[in-house]
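Quick one: the structure is below, and I'll ask about it shortly.
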Amino acid sequence: MSGLAAASYLTSTGEAVQFWILAVVAVAGALGAVLMKKAVHSALCLAGTMIVLAVFYLANGAYFLGVVQIVVYTGAIMMLFLFVVMLVGVTAADSLKETIKGQRLLAGLCALGFGVLLTAGIANAALRDFDGLGQANAGGNVQGLAALLFTKYVFAFEITGALLITAAVGAMVLTHRERTGPAATQRELAERRVRGGKQLPPLPAPGVYARHNAVDIPGLLPDGTPSELTVNPTLRARGQIRDVSGEALAELAALEQRSEDWLERDKRRAGERTEEGAK
Amino acid sequence: MSFPLLTATAAVPALGAVATAAVPAERRAAAKWLALAVSLVTLVLAATQLVRFDPDAKGPFQLTESHAWIAAFGVRYDLGVDGISVVLIGLTALLIPFIVLAGWHDADPLETHSSRWRPTQGFFALILMVEAMVVIAFEATDVFLFYIFFEAMLIPMYFLIGGFGDRAGERGEAESATQRSYAAVKFLLYNLVGGLIMLAAVIGLYAVTADQLGSGTFSLTEIVQARAAGKLDFATTTERALFLGFFFAFAVKAPLWPLHTWLPNAMGEATAPVAVLITAVVDKVGTFAMLRFCLQLFPEASKWATPVILVLSLISILYGALLAVGQRDIKRLIAYASISHFGFIVLGVFAMTTQGQSGATLYMVNHGISTAALMLVAGFLISRRGSRLIADYGGVQKVAPVLAGTFLIGGLATLSLPGLAPFVSEFLVLVGTFSRYPVAGAVATVGIVLAALYVLVLYQRTMTGPVAEPVREMPDLRARELAVVAPLIALLLFLGVYPKPVTQLLDPAVAHTMSQVHESDPQPAVHVNDAHVNDVEAAK
Amino acid sequence: MENLIGTLVLVPLLGAGVLLCGGRRLDRAGHWIGTFAAALSFVIGVVLFADMLGRSGEDRELAATVFSWVPVGGFRADVGFQLDQLSMTFVLLITGVGSLIHLYSVGYMAHDERRRRFFGYLNLFLAAMLLLVLADNYLLLYVGWEGVGLASYLLIGFWQHKPSAATAAKKAFLVNRVGDMGLSIAIMLMFTTFGTFAFGPVLENADKAGEGRLTAIGLLLLLAACGKSAQVPLQSWLGDAMEGPTPVSALIHAATMVTAGVYLITRSGAIFDGAPDAQTAVVTVGAVTLLFGAIVGCAKDDIKKALAGSTMSQIGYMVLAAGLGPIGYPFAIMHLVTHGFFKAGLFLGAGSVMHAMNDEVDMRRYGGLRRYMPITFVTFGLGYLAIIGFPGLSGFFSKDKIIEAAFAKGGTEGWILGGAALLGAAITAYYMTRVMLLTFFGEKRWQPAPSPEEPGAEPAAETRGEGRMPHPHESPKVMTIPMIVLAAGSVLAGGLFSLNDAFLTWLEPVTGHEEGHSPVTAVQVTTATLVVLFVGVALAWAQYGRRPVPVTAPPGSLPVRIARRDLLQDDINHIVLVRGGEHLTRSLVYVDHTLVDGVVNGTAAAVGGLSGRMRRLQNGFARSYAVSMFGGAAVLIAATLLMRAV
Amino acid sequence: MNPVNYLYLAALLFTIGATGVLIRRNAIVIFMCVELMLNACNLAFVTFSRMHGNLDGQIIAFFTMVVAAAEVVVGLAIIVTIFRSRHSASVDDAGLLKL
């Protein structure tokens, strides 16, 4: 893809094919990121788009950036996003229903106009002649970048370093919670719990008799209704609770029936009843 | 280079203002004395200007100072005085000490205020700040420099009007406070609108000069010379538009009917010294600027607009006087009287005759002094009774004869009685107008009857008749107050009998202005070749 | 000698300054200082007079330019004095009568605690009046003109605690201001016409200006004269001016100030000669006023008001004479001087009577006073004879001449004017006799002293006893002496003046004189005058002499009532000017508040409302702000593209 | 094919991202959309560097990434904090800009 540098420059067919396929993927990913209901899904879609972009970088002779894109962006930043998503709660699936009046419409209009104008701009910029990165990458892309970065852009580079540090510190400061006052002692905690009327003993374990012991199966109360307490809240939130109370009761009934039959209890009892009746 | 007298005259009060404001809260008296001292030093400097000013010197401006300021836009720090501005600077510097002295107790803290209460310092500092700005506005020969201070004046004035009022009488403090802030905002808005329109015109002026001279300039002298040399030539419509832009701002400041309504509120709500500051000092900048900028920059447009302006000023004269008759509030009455007088000034400026213009300039001075006298005495009266309503007074003359006497003299000056200064200027304006526009002159003369009406009605209702109950215990003028009024009255008498010192300063400047607008006095119908005039010349 | 002219004005001015600024410590000596200043100026006047007599008729005029007052471009006003025979006459009259009245006031105002200020004002008046007659240009004359107006304002309103006095003072000043307006416009017109307004050049070149301009100037001057001399239509203030202390009425509103109009017209003779129409206007005004004043004089019961009416009509005579041109000028001035004597005498007499009667002014409550106050009676009587023109007394000569001159105007105009003058003489005789009879003859009709709030009651009444019966007594010497002197003047002056036309020859260089060819001989006129005179006296005697006079005025027929109301002058003024003015101002105040201010406030409100609506856009949602941002970006791109495209 | 298509793609992605910013309420998703826009810019830069045959475009893209990283760190921290205080990541709930 490098090498020949000339006016009205065309890419190799291979790249063309690659572009047309991957472009579709990228756009799809972008749309997905925008439209998915759940943050997790949008994050994943975005990651996809980014990987595609990384490929495009490589295709454009920006080998270093391509790699960085994958490692830093897709690898680090997107993961950071995922962490946060998890932290905030995967479950928070916000409805795509618009609350601000006319927001959708306006946004659509602006986006349309913007896109059209931008495309028009690029179109009438008449970018015909591409002189590829032949000479630029001659000494190797990374070396070339390094050369620029540590000569021409060295100050900017230093400053971005400072920026990163500041950002890191800032993030800490923001998320760090200063403890005011001494930590609550065991006793205080206990008292607080009692006063709050919370569950004092440990929570009941999930599972039913020896039949089920999976964490997602709530234990049953004496009357056979499932007890929410026994299942951990996350599962509850996700609605991943397998409620087996119904079949459990049914099986119980069947079991007793069988044992009754086996003991032939009811005949004898009936006989006794008749005798008493005779007397 | 020589000692920058003009800069000093403006800088002294400015620095004085800062110093006054910096006086610690509990040392109020010190602040007052400091302010007084500063104003007196300024007066000395202004007097020095008057002395060092040479009426017969060549060239429009003297004592000039010129430094590059904003080179990019050709804005220069150009100062210079002609006869007119030097006289007006003198007036300003003269009045400020009296204003300070008269306002000695106006900003004193009430019992309710804490000892940390600072506005006393602020009051005097603001007054000095206004003085500094007015002085430099009079001195500036660079349009942009003038514009800046013309506008900057509004800020201290705004606080003076809105922050300090009469000790509330019947109306509660809260009520009068709202009235004050209304007046202050009104003042600010009116003048800001005018100023903004002027700003547009200023920029337009720059654009035109930049377009025609290559490098844009704001320098009055340069523009005038360029026009004289034919290098600069406004298109008719352009000149008219620019002229209107300038004139609007000045007409608001002046104030000319129908842009006058801010003045009664402002003067009514502000304390008497501040009211004097408004009408006797700040408003003069407007009329002065008409004379210096409107006429000199846009002679043709001025002539074009003259008929309309004359009509407006005539309306101002009669309208102001009639409304003064209809007022129930002493200060508002004086305010409307001032509107009528400003009508006379504008009339004289645009009559385009020597008599008219020097009359108008002299009128600025005399009106300053006479209104100061009347308004300050009225202020003393009001401070005694705590009410501005004419109906609350009566028979004061019996209990406080000196106060009544000074009030009467101030009033007589306002109705321009011969022998007192305003008569000379008013008559000059009338003659100047009459000799070119007889009808206008005759109509304007009706103003003197109305003036007599409102002054005498005011005097009769407040001072004469049976003694009203509330004023029975009213004390007469105190030493401080007398020290304020007496010199002003002496000045009124002196200038009424011997105005020559002022007029001979004015004449060359007026002649110069007249030559700028290419106007000359109309010749008398009958040529008189008599010995009388000649031997007068011999006598002179 | 020239320098003396200045001092003539300066002395009383200094007196006024000293008295007014002197403060209470001068209270004891104040009145004597004032009198001394007046007397001193009189002495100076006499000295100048002697000096003037020393020189021949033509070069008697003295001129002194003190300093250049307002020099602006072509406009030159100087403080310069000009003393010719005309001014001299006035100087002597003013300072002479003035000094006498100062003397009189010493007694009359003895009980007033503000006497010092009173004398200050009197001196101020003297200074202004002298300035008026000595000025050598119209602007300076205008200064004196307004100066006397101020003095009269201060003196009419001297008892300011009386609302009536304050109102009268204001009225006088305002009406005068209207006249002054005329004068100032006249001066402007002169300036535009001649380029100057000094007497010399203006009057010399008057003929060069067209008749139109001269007529305009003349009419404006006439307006001024009407204001100052209380001529129709600006006469209404004089009656009320009687609110002032009686010496003031004598000095200002009888002898001197009110005659300033006559002086103005005579001084500007050259202008009027060039403007016949203006002259016609003048004589008309004069004739109307002389009848008007006389009629009012007949109806008034207030002695001072009656005398005021008579003053009006006498000045009417003078104006009439002055309007006749050179035929009349000398006689106008002559009558002015004689009138100065006898009218001042009459007023002082009236003052003395009031003094004796606890400041009662209603003649119907007088009567039979001749026995109680003989000197007053005699002096007053002489003045009375003089004014009605009793043969041999001064009024006879002066008035007679005027009537002759009126006939001499010739044509129907002459007949009309002469007739009016004659009729006026008759009425004068009538009302003066009435005054005389009501005051000094008949039986006593005295009443207990009036309560002070009754109009015309003077504060001296408070100091003296309340409600006691008056016990008339002759006034002290200091008051009677001036009366005697003036009486002597009013007896002799006329005779002296007409002794081989002394006065005529004296004034001729200034005013000029020409013998009118009268259709009737002097003898006929004189006899006619005497006839109407006796008719008038007889009528009065018939009405008031024979039968007793009711103490309260009878309602009277409609014309009488109208005459009592000053021929409705005030009602007309009130309806036309006062009411109209009030409505005008009130409506204007409304307009200013609603319209002019309303427009502004309306705009402000509109802007406020608009921004209130705009405020809704700020819904606080970051995303909608983002939308606008994004839109802005789009617009920017569009803009750049457009710029590229073009 | 002409590499200018990369630019069209970048424009498209940028627009999509922007729209996302406008229509989503979840702060995190909005953030992702911002990232998307940044990436679109980067693609454009890279393409430009290819167009002009020098590496400056790539350098800029590199810096963009760094800045983006910093921004994300801080931004996510903010989101977390807000979520802690008001238990919601919806930007509409953070209506502090309201008058």
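General observations
As written, the chain order gives the labels A, B, C and D, with residue 1 at the start of each chain.
Following the convention adopted for this analysis, a residue touches a chain if its C-beta (ideal position, glycine included) is under 8 Å from a C-beta of that chain, and two chains touch if they have at least 3 such contacts.
Remember, it's a predicted structure, so these values are computed and weren't measured experimentally.
By number of C-beta pairs in contact, A-D leads over the other of A-C and A-D. Taking the mean of each chain's C-alpha atoms as its centre, the chain lying closest to the overall protein C-alpha centroid is B. In whole angstrom, the spacing between the mean C-alpha positions of chain A and chain C is 108.
Centre-to-centre separation of chain B and chain D, using mean CA positions: 62 Å. In terms of their C-alpha centroids, the spacing between chain A and chain D amounts to 18 Å.
Each chain gets a centre from the mean of its Cα atoms; for chain A and chain B, those two points are 76 Å apart. Touching two or more other chains at once are residues 100, 103, 106-107, 110-111, 114, 118 of chain A. In chain D, the positions touching at least two other chains are 18, 22-23, 25, 92. Residue numbers of chain B whose C-beta contacts span two or more other chains: none are found.
Contacting chain pairs in the structure are A-C, A-D, B-C, C-D. Against chain C, the residues of chain B that register as touching in their complex are 186, 189-190, 258, 260-261, 319, 322-323, 325-327, 353-355, 358-359, 395, 397-398, 405, 412, 417-419, 423-424, 427-428, 430-431, 434-435, 438, 441-442, 445-446, 448-449, 452-453, 456-457, 460, 463-467, 497-500, 503-504, 506-507, 510-511, 521-528, 530-533, 535-536, 539-540. Residues of chain A touching chain C in their complex: 100, 103, 106-107, 109-111, 113-114, 117-118, 120-121, 124.
The residues of chain C lying in touch with chain D in their complex are 615, 618-623, 625-627, 630. On the chain D side of its complex with chain A, the touching residues are 1-9, 11-20, 22-26, 28-29, 31-33, 35-36, 39, 42-43, 46-47, 49-56, 58-59, 61-63, 65-74, 76-81, 83, 89-90, 92. On the side of chain C, the complex with chain A involves touching residues 619, 621, 623-624, 627, 630-631, 633-634, 637-638, 640-641, 644-645.
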